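Two complexes come next, and they have one chain in common, subunit A, joined by subunit B in the first and subunit C in the second.
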Partner chain A sequence: MKLNLRLKIGITILAVFTLSSVFLPFFTNVDPSEQGTYFRNIPMSWKHPLGTNSLGQDIFWFLIFAIRNSLLLGVAVSLCTVFISLIVGLSAGYIGGWFDRAVMLFTDSLIAIPTFPILIVLGTLVRGRTNFVILGLILVIFGWAWNARMVRSMALSIREREFISTARFSGASTLDIILKEVFPYVYAYMVVGFINSILFVINTEAALAIIGLSKVEIPTLGSIIFWALNYSAMFVGQYTWIVAPVVATVLLFLGLFLTSTGYNELFAARRGHS
Partner chain B sequence: MGLIQYLAGKIVTYLLVLFIGITITFLLPRWMPGDPIEGYLAQITTQAGQTLTPEAMEELRQTLAELYGLEGSLLSQYFGYLKRVFLTFDFGPSLASFPRPVSEFIATALPWTLGLLGTSTLLAGISGNLIGLLAGFFHNRGFATVLEVIGVVLYPIPYYILALVLILLFAYIWPVFPLSTTIRPGPLTLDKICTIIRNSVLPALTLILAGFGWNILGMKALAYSTKQEDFVAFARLKGVDPWTIMISYVSRNAILPQVTALALSMGGIFNGALLTEMLFSYPGLGLLMRTAIGGGDYNILYGTITMSIIAVATAALVIDLLYPLFDPRIRYR
Partner chain C sequence: MIKLNNIVASYTTVRGQVTAVDGVNLQVPSGYIVGIAGESGCGKTTLLRVLYGDVRFPLALERGSVQYDFCDDNGQVVTSDNIRGYWFKRISYIPQTSMNSLNPVIRIRKQFVDFRHSKKEKAEVLAEVRAYVKDLGLPPEAIDAYPHQLSGGMRQRVMVAMATFFKPDIILADEPTTALDVVVQKGILLLLMNLQEQMKNTIFLVTHDMGVHYQIAHKMLIMYAAKAVEFGDSGAVFEESLHPYTRMLIESLPTVGGDRMRQGVRGRPPSLWDDLHGCRFAPRCPLATELCRVEEPALKEYRPGHFTACHYVESS
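Up next, the complex of A and B:
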């Protein structure tokens, strides 16, 4: 198994982001979301690597916590959506018939409906009372459809293979076939789907946060931009406040994307040889 | 599958998408904790300073319930809602600037969104697919790798980051374009057209760059796999020159899945356009929504969302209906 370049770069970026955002918070006892902890608008220094913002928060620590929270939300929601899409996709693809058609019409509709406006209404209705669990649940409801479509088309193509018939004729139950014969094939695609789902979740939460419809008091990659825009960071010359989250987001997303396409490439190559 | 079946299938999906989308927008406010009418009444009471008598309050509550279509059972409300939306495009009056109807606001905003979205999707589609075609067809040349890297880097970057970077670069550090859109109402003169274009460059560029990566990567993969097919090898052995092979053999086949994928991604592209409009204060549906969120104007919010669902579904349907023009296999079967 030889790692390709994309996978190497992607995993390196992800490792740096994950490790630093998980372990660095142990080295500070200041809550970065607390306002007025430090003097305002301190420029970059050893004590404050990215300076402090107009709310008296340390930008570096806010960013670290933001990356951690965004990643956490992304991973938690994506685990749920992958689980749902596996169940929906595998059952639709394997059972087939009217069941497949009905489920796929619903899935396709969910893909075609622009979700952002609907999330905006939900965000407006629960504004102020929202928490991360509710937000995560909403993202789960709107996030599983694309992956389910992919799993289903995989299951469809595998269904006709000989080893499935062999299993059926030797008396394996439908559940057995799905779990033991079909799932291993779909697994690699789910890894890719899982990473893409993390991208979707972080992106959507950030989009909602920027227009103030998420829990903006909690540091996330979106809420940091929300506060920077609200306090006109660009006009008062606080570049680090806005540039740091932009650079962090670009790197993180690039890392996730490279890992997912790199893994896909690796798996395709392995399939070709075996 | 003949042409008729193809079209019928697409139209059934279209109607289903509309039905599910509009049902969700109907049910959302009714499932949510908190009553929009009570919220609005509370807002009025704080503004009016407790001067309303209980009787006047009750009357106002009745009127609002009627305006919202909250009278009667859930089922009759539902049918009333469907009838109003589909037959008359009636979303009730705006709450913040009563009694101007919501449909009037939407009618002013929609052309901006459609214009911005249409232009940028078209430009991103043409240029992105062209670059992807070159990168996929000449995959072993140096420049192809450069083009692919551009696609890989652009693809995962979300809309709001692109918008922020463009604002930072071209409205702040090197201020050639305005920071947010200001277009005064008035007759359409040459001067005004110039203002509109100047104000639209950055939002459009955001959408184009976002669509770019997707188009490049998709087309690159398709062109590369089409190039491996037997009919392309045959053409090459026959002595057809590479450019003709690329344009009439590879691109015509590789573009087909891209068209289908575009119809499916309309929703995602629209989401990005809304956010971009909000960040640039571009006077389309996105800005209308943002204003409605700020003012708690639920009628405008629901009207805009219903309209977005209809617009996206219709755009996807139009692309699907145009598809037989690209693919003769569906036309002549």
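Up next, the complex of A and C:
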């Protein structure tokens, strides 16, 4: 298996982000969300690589914790959505009939409802009392439908292929066929779906945080930008406060995107294309 | 002896029921290659599906049953009711389109090991598979490949290997060589014949190619419009056929060096939607009389082991 360039760059970026955000927090005993730990507005130095902000927080450590929390939320929510969409999509597509119609009616309603306005309404309702788990749950509820539809349409087409008959004729049960024949087909697309779902989650959380509807005391990529905007970082010359999270977010998205398209390419090569 | 007891199988369609196999009543002796021939839509594949026990919507077994030539654990003869439990162990199936019968994203060795029945260690099974595949004229490395990396002939050999790996008593082959060129076709057919000779199992072979039937089938079953019209040793069926349809089919075969103009069978087979009565071949039969149009001939044994359904066997 030869990794292509996209995949190499993507995995490298993701590895740097993941490893640094997972392991670096062990080297500090400061809670970065605590305000007034340091003097305010210290410029970049060895002690504070990105300086401190107007709230007396170390921007570098705040950023590291933010990346960790955002990634954690993204991965956890995406695992759930991928799991749900696999179960729903595979069963609906393979079993078909009235079961398929009932399940897809529900899925389609979730797709048709615009997620972001709903999140804004929900965020306003629970403002200040929300926590990470509830936010994650809401994202799961609104995140699985697209993938489920994709998996279902693939299962629907694979169900009619000749090799499914071969498997059935050799005595495989429905569960066997779904797991051993249909799943290998869907699996590579779900890796891509998983990565895209992480993108969606981080993005949505950041968007909610920026308009102040997430739990902004917890460091996330969105909440840094929220605080930076709130304290007019640009105008008081605190460039690192606003630029660092934006650059980090863009790099993270680039890493996820390259990994997702690179993996797609790799799987296509394995199937015999290109 | 495989007993087909008056099998009536029909499909549910938007227009209603259509009977694709209508009262096939046969006793097939075990241990032979049985060729099934007939025009498209005469019920060959439906008969195979019934034989395999793959009866599910829209196909339904209206009447009749199949009794196989092996017993279950309690010593009872296996019938069409419980044949499903013996799929690929005692009865197996070589599909028509080997090209698409293997999952393209899974290596072939994994597809071999995925048979649920194998309780042995994976490595042990794999070693057996490698040895077996080599016997069938495939490089043992072939099973490490993905299906698209093999040629059509190799893929069909892999399918034959899968279908015969457990040494089943009955093998059903639905046009196993249709998509292959004649050289590869010959290889596959010889392979099937050799395997049958070693394992002494019964092979039901469906193909349109009468030449193939002539070369490898021991017994022949000729079908016409959902009915069995002639059954017997293939030598007898080809050389001294009793039914006019069989004779006309064989007449139409080209021979090497023959410069005679070949006659087809005029007309078309009847639509199975129509209300059919009398002999179904009567509209196209040169010997047909009023009796044929009114009364349906039964499948009777005219010579030892040679059956046909025609009113005028003696006179022709």
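We take it that the second predicted complex is superposed on the first by the 270 of 274 C-alpha atoms of A that agree within 3 Å, B and C clash if a C-alpha of one lies under 4 Å from a C-alpha of the other, contacts with A are read in each partner's own complex, and residues count from 1 in each chain.
To be clear about the criterion, a contact is a pair of C-beta atoms (placed from the backbone, for glycine too) under 8 Å apart; a residue touches a chain by one contact, two chains touch by 3 or more.
Keep in mind the model is a prediction, meaning the values are calculated, not measured.
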Partner touching more residues of subunit A, subunit B vs subunit C, is chain B
May I ask you to decide whether A:Glu162 touches subunit B, subunit C, both, or neither, giving the answer as first, second, both or neither? second
*In the superposed arrangement, which partner chain does A:Leu3 touch: subunit B (first), subunit C (second), both, or neither?*
neither
By the touch definition at the top of the document, which applies to A:Leu254: first (subunit B), second (subunit C), both, or neither? first
- Message: Just checking: does A:Ser109 make contact with subunit B only, subunit C only, both, or neither of them? Give me first, second, both or neither.
- Response: first
Would you check which partner chain A:Ile242 touches, where first means subunit B only, second means subunit C only, and both and neither mean what they say?
first
Which superposed partner A:Tyr185 touches (first subunit B, second subunit C, both, neither) = second
Using the superposition on chain A described above, determine whether A:Ala207 touches subunit B (first), subunit C (second), both, or neither. first
Note to self: After the superposition on A, what does A:Ser170 contact: first (subunit B), second (subunit C), both or neither?
What the structure shows: second
Quick one: classify A:Thr124 as touching subunit B (first), subunit C (second), both or neither. first
Within their complex, subunit B touches subunit A through residues 13, 16-17, 20-21, 24-25, 28-29, 32-34, 152-153, 155-161, 164-165, 167-168, 172, 264, 266-268, 270-271, 274-275, 278-279, 289-290, 293, 296, 298, 301-302, 304-305, 308-309, 312-313, 316
Listed in rising order, subunit A residues that touch subunit C in their complex are 161-163, 165-173, 176, 180-181, 184-185, 270-272
Given the complex, residues on subunit A that touch subunit B span 6, 105-106, 108-118, 120-122, 124-126, 129, 199, 203, 206-207, 210-213, 225, 234, 242-243, 246, 249-250, 253-254, 256-258, 261
Per the touch rule above, subunit C residues touching subunit A in the complex are 52, 54, 84-85, 87-89, 92-93, 95, 97, 99-106, 114-117, 146, 148-149, 159, 162
